[in-house]
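Shown next, in structure tokens, is the structure this report addresses.
For reference, chains read A, B and C in written order, and residue numbers begin at 1 within each chain.
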Amino acid sequence: MLLTVLYIIAITAEAMTGALSAGRRSMDLFGVVLVACVTALGGGSVRDMLLGHYPLTWVRHPEYLALTAGAALLTVFIAPLMRHLRSLFLVLDAVGLVAFTLIGCRVSLEMGHSLLIAAVSGVITGVFGGILRDIFCNDVPLIFRRELYASVSFASAWCFLICIQLELPNEQAMLITLFAGFLFRLLAIRFRWEMPKFVYQDDPQQNG
Amino acid sequence: MLLTVLYIIAITAEAMTGALSAGRRSMDLFGVVLVACVTALGGGSVRDMLLGHYPLTWVRHPEYLALTAGAALLTVFIAPLMRHLRSLFLVLDAVGLVAFTLIGCRVSLEMGHSLLIAAVSGVITGVFGGILRDIFCNDVPLIFRRELYASVSFASAWCFLICIQLELPNEQAMLITLFAGFLFRLLAIRFRWEMPKFVYQDDPQQNG
Amino acid sequence: MLLTVLYIIAITAEAMTGALSAGRRSMDLFGVVLVACVTALGGGSVRDMLLGHYPLTWVRHPEYLALTAGAALLTVFIAPLMRHLRSLFLVLDAVGLVAFTLIGCRVSLEMGHSLLIAAVSGVITGVFGGILRDIFCNDVPLIFRRELYASVSFASAWCFLICIQLELPNEQAMLITLFAGFLFRLLAIRFRWEMPKFVYQDDPQQNG
């Protein structure tokens, strides 16, 4: 129940960031809706296709698809406001990131996969929507060049899995993870924590 | 039967547009064949992977794959002619768009999905080949920046679904949709109808 | 058994080339690991999703995922050495290309698909990791613009399938294919054999 509410917040927020990205590329309304859907529902879809977990969430619940499309169109109308809501979006996006990760872990555990696969499933659910958004908009994925994002998803996944291994009740494990993951992400933004970058250049004379 | 003929026309035409895109990027013959296959068969493949509808069409009918590869290689040889066939290709592409959409709707209905999912399935089948083509060639997908294209697919899908809901016979529903969708697309090209575009720019001082 | 050893060599080598690509784009460590996993395991994953062959290899054997991630991180530490290992990597990559192709053909044959689909399955396994790597790093896929690569995969696939049709024992067919494919790739690099390129330019006045 809590997770459903968080999921709805998450897909709405992600749909709106997707719509803005499409707007930066001057796409038409159809492109805006498509990029929004890919951003909001793409992470879960990639997870389900990789794990063979059918039917996909939005196929079983087309109302989520309608919600995503509606959020995208709303974004177009309130775009001038969006600049002032930047902080709100960072917060909603942080909630969404952790909620998506939790959901991805749970799907994988319910299918009987190992802990490592559950963690990977959580991270894929958390971050792939943003990666696909950037591929559709022809950008190098941003999430690997800014403040900790995939790392927050990864840490949240393990936090949840450890809680489950310690036999905490499911709700408690979820609340602890949500709180810890959310805090971690906000601190990362506030203090501009970044993962070390790997900068590699080929020898100029061997290039080509 | 009619749909099979239209499908064959559609994949041939889409394969040839894919091959031209690969040529614009100076790819080698293998790349040309791959981009052609992705363009012609990618929409249906994405639909089938999202819906868990196995085996995929080209796996069950490898002859379609061979046809697509053949059309791609033929395109290389007749490339100098292609400039003069531009109008023909716009027409064939319009037929293909509507035929793909119809096929996508039917696959989804046969699997027992809801109308909204059937419409989405039709649009995915219709437009994803072109989107994948542009991603493989490292372009921002064109279909969201030119004349109505995805919208034609969307309108065709609903036209077909409404006909089916009105309990028209299947063949009649298909013919009406083909005619209406085809006409809509040609009018859109002729009169340069476009969807409104969403142009969003971040505040310069908040950029980065 | 031989194939398992070759597979492990192949995913390690591919992971390292993926990590270097991520480094060229200055990604952070998470991006490096992701691009490495996509490069090493993406070809097989795309094949399995297209054929509906679940569970995927790395889901059944998470240790391969751990190995890939480990190889990616190792690459970051020994990056300054990598320039001097360029020839070694071309050799390992050639081994990997042929090994991936063989594995892809076998998976498809075991599922009962036709020879053409088996060959396509082999090529997809062999080359899609590199294609996805380039899409994630926002490059036009390299493999279609340099020395024979996909063609080596295609020729290896048919070499293996013909050996199987001639009822050679499986091991013998694999060894012949490995040797022939490996030699073909090295000769292609040495003598800069390339596929003919298809260069297509639209008429300038019709552009836009």
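As a convention for this text, a residue touches a chain if its C-beta (ideal position, glycine included) is under 8 Å from a C-beta of that chain, and two chains touch if they have at least 3 such contacts.
What you are looking at is a predicted structure, and each value in this text was computed from that prediction instead of being measured.
Undergrad: Expressed in ° and rounded to a multiple of 5, what is the rotation angle of the C-alpha superposition of chain A on chain B?
TA: 120
Undergrad: Same or different: do the copies chain A and chain C touch each other through matching residue numbers, with over half of them shared?
TA: Looking at both copies, the contact residues mostly diverge.
Undergrad: Go ahead and note the Å separation of the Cα centroids belonging to chain A and chain C.
TA: 29
Undergrad: Which chain A residues sit where two or more other chains touch them?
TA: Within chain A, residues 49, 52, 135, 138 contact more than one other chain.
Undergrad: Under the touch definition given earlier, write down the residues of chain A that touch chain B in their complex.
TA: Going through chain A, the ones touching chain B are 19-20, 22-32, 34, 45, 49, 52, 54-56, 59, 62, 65-66, 76, 79, 82-83, 86, 135-138.
Undergrad: For chain A, which residues count as touching chain C in their complex?
TA: 49-52, 113-114, 116-117, 120, 131, 135, 138-141, 143-145, 150-151, 154, 194-203, 206
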